[in-house]
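In what comes next, chain A is part of two complexes: it sits with chain B in the first one and with chain C in the second one.
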Partner chain A sequence: MRRKINAGKILDTAVTYVILLAVAFVFFFPCLWLILASFSKSGSIYSFDGFFPAQYSTASFVKLFTDTTMYNYPKWFMNTLLIAAGSCLLGTFLTILTAYTMSRFQFKMRKPMMKTTMVLGMFPSFMGMTVVYLLMTQFGLINHLGGLILIYASGAPMGYLTQKGFFDTIPKSIDEAAKIDGATNFQIFTKINLPLSKPIIVYTALTSFTWPWSDFILPKLLLKEKNLYTVAVGLMSLDETEFARFAAGSVFIAVPIVILYFCLVKNMVNGISEGAVKG
Partner chain B sequence: MKEKWNKFTSAVRDSSWKVRLSAIIMGGGQFLYGSYVKGILYFLLEAGIVCYMVLRGFEDIKGFFTLGTQKGDAWLGTVGDNSVIMLLMGIFAWIVIAAFLYLYQLNIKDAYHAQKIAEAGKRPLSFKEELAQLLDKKFYITVLTLPVLGVCVFNILPIVFMILIAFTNYGGDIVPPELVDWVGTANFEKLITLSQFAPTFFKILGWNLLWAVVSTVLNYFLGLGLALLLDKDCVKGKAIWRAFPILAYAIPGFITLLAFKFMFSYGGPINQIITSAGHSAVGFLDLDAKWIARGIGVLVNCWISVPSIMLLATGHLSNRDMSLYEASRIDGAGRWKQFQKLTMPFMLFATTPVLLSQFIGNFNNFGIFYFLRGGLYVDGYFLASDTDLLINWLYNLSIDNNYYCIGAAISLVIFMITSLISLIIYVKSPSYREEDTFQ
Partner chain C sequence: MKKKSIALLTAAGMLAGIFTGCSREAENVQPAPDAQVKEETGVVNTVFSGELEHDVTIQVLENDTAVSKGYFEQLIKAFNEEYAEYGIVAVDANMNQYLDLANDGPYGYGPDVLYQANDIIMQYAEGKHIYPLPVESMECFEQIPETAWAAYRINIGETAYTCGVPVNVQAPMLYYRKDLLPKDWEQAWDENGNQIPDMVENWNAMYAYSLSRHEEDSSKYGYMKSLFDVYFSSGFLFTYGGYVFGNNNTDPSDIGFSAGEAEKGAWVLSQLAGAMNEECIDDSITTNAYSKLADGTYFATITTPDMYSTFLDEMILAYEEEGLSEAEAGAKAQENLVMTTLPKLPESGDLTQDGGNFLDAKSMGGINGYAISAYTKYPNACLAFVEFATSYEMMVNRSELLGVAPARNDAAETAGGTSQLLYDNLEAGNIVLMPSIKEVSQIWTPGETFFTDLAKDAFRPEGEKKYTDLDAMKKGLEAVDQQIYDAIFTLK
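On to the complex of A and B.
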């Protein structure tokens, strides 16, 4: 009897590990493929030996940063960094403030505003793109990195729900104690709640950084000059023969994000699940 | 409602002539009750709005209805009306009027308030004190002004504009300098009756619904299964196993998609293996690869979305009440029964909002087929391919081909479908019906 249970358990464990190995392979293999491709010597996907390059070198990376006449990768990279950093700063600021207000203040327009944002979220994301384009031509912000930052940052407060969920969990009794001591609401926010909300600020900053970092629709619409491209638009414009260069460019921008994610994965999970429950 | 009305009428009877002055000259009441700066500010606001209305406002409102009467003529050198700008300015004028009406009633309320203070024999707040309130009692006004303004300009204004465009004939040949006109619901009728649009529309709609259901269900159960697998006691080194899906989760989506496109292309590794085995190359994402391409889309979408579901499910699984499992085991429940009766209800309860947003996200998943098969137009479809979703079609029509009004009508249809489905799921979901089952 006991041996039978043991046999079942061993079989169960074996099957589990086989599935896990398969899963790991499925997720890891494309990444490995891309990384190795970026180190291929010839550059074209046609000279590959099955999945992997026949010969390895770092030529693609060197070419990526030095050969800038056709594809100016360093410039694209700086553009992307500028846009992402700008909208991250501005967007985080606006989102945190909005979420905090929605969580802490009771005012007449609160419920209508929450309902409005929910309805607005139902519209297809780039339904208004043509109008945004029109507005941007009116403001003279076509081919202008600042215009993109403006749009990303002003769209950011729409996703305040996760952050509101976080602020809902900070007990209000602290606020009341401070109020009795004569603190204004402004002071309560800056001196008490802001220092407590570090994890959610990190989460917000990360999400509002990665969104412009990997978005392609808006930059494609608003940036028409090759030197103003972001990495996403630029890599899309690469020719099919330039596979190694594409791989190198992708690896180069994916690595910082991947490292960030691994460092902050705990925050991310908490952020996601909190937003989900309180949604 | 009636109570409000009674309160309102009694306030009207009760109000002094100074308050009534405020109804004509904004800020007059405040000024006479001693709040000079505020009174002057209100007055300047009224003067400003009158100037705006005289200088542009009336014209803009008129333009909103006519959408231009004078067509430009390059030969005669006449500058015509630009219907699109007129519509935009018309919407803007309505917003200004709405904002003004709001401030107007605020002004009267404030004047009445000032009267009450004066009757009670108190001193009205000085302007400085009122400003200080913006950092305290009215902190929310200070904070929300900027975000609300941004959302209004870059989210609400475009959406309102596009909704209105759905009822005009803007697009195709009719773009400025041609004059645009209101056409009522003609675009929607075209969409479901005209042989140009209707077959494409229904084919895409059917595939879009199928896609959304299949990929949501698949992603959800694969993600949940993976989380349960990693949660097993016999698995050692969970962090390492978990790292692989997280890696996939962290890579920006467009890189994954472009890489998969390369992988399935003619010269790609999969075709190389096929050709070296002596078969001819397969056009996985080719024009005639309808179901193969769709299948690849579903699988690639799994690769991208399963890790996020897994992370989420892992978070929720750790919140389970393990004593329930212990009790059910003593009662003789097998693992499948436990999954059915304990895990599933709990997970469905906890993740309904996420499931919903996943469904909406998949329904409007633009990236997948844009990258895998972008720019293909297939026979039998009007400016679309057989893998395109409504949102891809919308993009093809309105951004690549200038069919603005039809595009706008499609966005409204998408909006109606997604909001209807969310409403149904929300009302039917356990997290809505029995709010405290698991608390």
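On to the complex of A and C.
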């Protein structure tokens, strides 16, 4: 009987591991292939020895940053960084404010506004592209990185519901206690709720950063000059013979996101545990 | 009740929205405001007054090859020096070479001068997004053949307007590796003893050599090309009497892919597919030809002359990998990579026949040229730039640096070699220029479907082949004509 249970457990664990490994392989393999392809010496996908490059070198990465006559990757990278960082700062600020307002204050149009934003959030973002383009032409914001930051940042508060949910979990009795002690609304927000909201701020900052970092449609629509391209648009404009450069560019674009994630994930976890103790 | 009324109103609104699509042609749509007035008042005289705008910057869009090879930098530097006294500065528009002038131009985000193929420029011309030009007064007018000018001409009422200045001729060229010729080619593959290998003189020898090369080593091939590509494959039909549109490519109601004995051209393609692999069905060969020709897997392919430098770069890389220095690799690549005009086709269409008559190969081609945006604020400065860029010196420079064939006779003569051959082919009518009417956009999909099916046929089991004889091929081409006709006229 005892043996039977052990055999069943082992089988169960083995099957689980096999399935997990298979799923992990499916997701990991394309990344691995792209990373190896970016180190291909020949630079051509057609000279591969079967599925992987025959010889390896870092030439594609060197070319990516030094040969900028036609494809100015460093410039595209800095443009992307500027847009993503700007959108991240402004978008996080606006989203947190919106979520806090919706969570803490009662006003007449609160419920209709919440319903409206929820319904509007259901529409795909590319639906309004024509209107966005026309508006941006009228404001003279085509070919301006600032225009993109404005759009990303102003669109970010639409997804405030997650943040509102977080603020809802912070007991309102803390606010009331602070109010009795004479704190203003601004002080309650900055001195009490904001420090408790570290995890959600980090989460909001990460999502506000990654969206513009990898977005293609909006920069493609609004940026006409090659020197203003973001990495996503720039990589799409590469010639068909530039596969190695494409692979190297795609690999390198993941680096900041990975660094950001590893730096911030600790804060997210700490914040969550801090919140748990205080709660 | 209230909710029902709202629902009814919404439904009625949506229905009305749907029916708006059934209205007559959009009456509200206006052409570019300036263009309408200019057309009525004689744009050429009023816009191009000859008085240069002073202290202005014009944005010029060139193609990527011209930019990457440094020609464009040379061009704008020379122009800016020449026109420094007027304060006219030409700069790189810094935009994607496949821009959308129709959408971006009206908002002021397009270039002032653009370099594009004739079919693209003429589509802009139909939409009145570019200016007609006073070409008769230009220095290059006499030097450029009438066929090339015709590609940029549009008739409005009784008046003909020329909307672009031809720069270079684009037509398929044969690229092959001289070092991959058989060692005994002078004895075994030069029947007429003219010191030109038979395989680059006629398709029968090319077919025979392709088969023998593949037979010797199954990983090697002779001639390779993606056959689905209408631009390259339709020339085989034209050689035997096919055409795109009647009346010099201006009458879209007369579609002629099946005209004459075009089915013989289809037969030639079908035989060539038999000497390739299944990659000829899609665009695999088009994209891998550069590296496969460089590593010796392919002996020959066809593409446009502006790709010469890309082939050359790949060959240099391949030689460098073999251990040669940069200079040695460059010299060897230049010696071994040959670009020439297309081989002749057998009159019978049979690639296995010995002897017989051969026909000059016709091909679909294009003329790339400069045009001036109708949204520019400085038309006279733009015209000065076009004049400068199409001058003899600049055309010769362009040809030397980019390997393209100039549309100017004097520049083609100076360039010599394939440039002269291409120019001669254009004048002889062997290059059938892509139609400059908007209906040309409807030929690609039906054509691609047919050529893909034809290429697939070579790899189908014997009993499942669709194009077993010339009659079947003729019917296939007639179906293509009908599909194009339907695409153009069904909803017109």
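Keep in mind that, in the parts below, the second predicted complex is superposed on the first by the 245 of 279 C-alpha atoms of A that agree within 3 Å, B and C clash if a C-alpha of one lies under 4 Å from a C-alpha of the other, contacts with A are read in each partner's own complex, and residues count from 1 in each chain.
In this section, a residue touches a chain if its C-beta (ideal position, glycine included) is under 8 Å from a C-beta of that chain, and two chains touch if they have at least 3 such contacts.
Only a predicted model underlies this, so the values are computations on that prediction, with no experimental measurement involved.
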Which holds for A:Cys263: it touches chain B only (first), chain C only (second), both, or neither? neither
Ask   = Touching A:Met114, do we find chain B (first), chain C (second), both, or neither?
value = neither
Looking at A:Ile19 after the superposition, I want to know if it touches chain B, chain C, both of them or none. Which is it: first, second, both, neither? first
Exercise for review: Would you sort A:Phe28 into first (chain B), second (chain C), both or neither based on which partner it touches?
Suggested key: first
Per the contact definition in the header, classify A:Glu240: touching chain B only (first), chain C only (second), both, or neither.
both
Per residue count on chain A, the busier partner among chain B and chain C is B
Message = One more residue to check, A:Gly128. First (chain B), second (chain C), both or neither?
response = first
- When the two structures are overlaid on chain A, which partner does A:Ala177 contact: first (chain B), second (chain C), both, or neither? neither
Of the partners chain B and chain C, which touch A:Thr137 in the superposed model: first, second, both, neither? second
Chain A contact set shared between chain B and chain C covers 45-46, 240
Residue positions on chain A within touch of chain B in the complex are 9, 12-13, 16-17, 19-20, 23-24, 26-28, 30-31, 33-34, 45-46, 48, 50-52, 94-95, 97-98, 100-101, 105, 107, 113, 117, 119-120, 122-132, 134-135, 138, 150-151, 153-155, 157-158, 184-186, 189, 210, 213-214, 216-217, 221, 232, 235-236, 240, 243, 246-247, 250, 253-254, 257-258, 260-262, 265, 268-270, 272-273, 276-277, 279
Contacts from chain A onto chain C in the complex sit at residues 41-47, 69-70, 137, 142-143, 224-227, 237, 239-241
The chain B residues in contact with chain A across the complex are 84-85, 88, 132, 135-137, 139-140, 142-144, 146-151, 153-159, 161-162, 226, 229-230, 232, 234-235, 241, 243-256, 258-260, 262-263, 265, 267-269, 272-273, 276, 303, 307-308, 311-312, 314-316, 350-351, 353-354, 360, 364, 366, 391, 394-395, 398-399, 404, 407-408, 411, 414-415, 418-419, 422
Within the complex, chain A is touched by chain C residues 64, 67-68, 94-96, 99, 104, 107, 109, 287-288, 290-292, 295, 310, 314, 317, 321
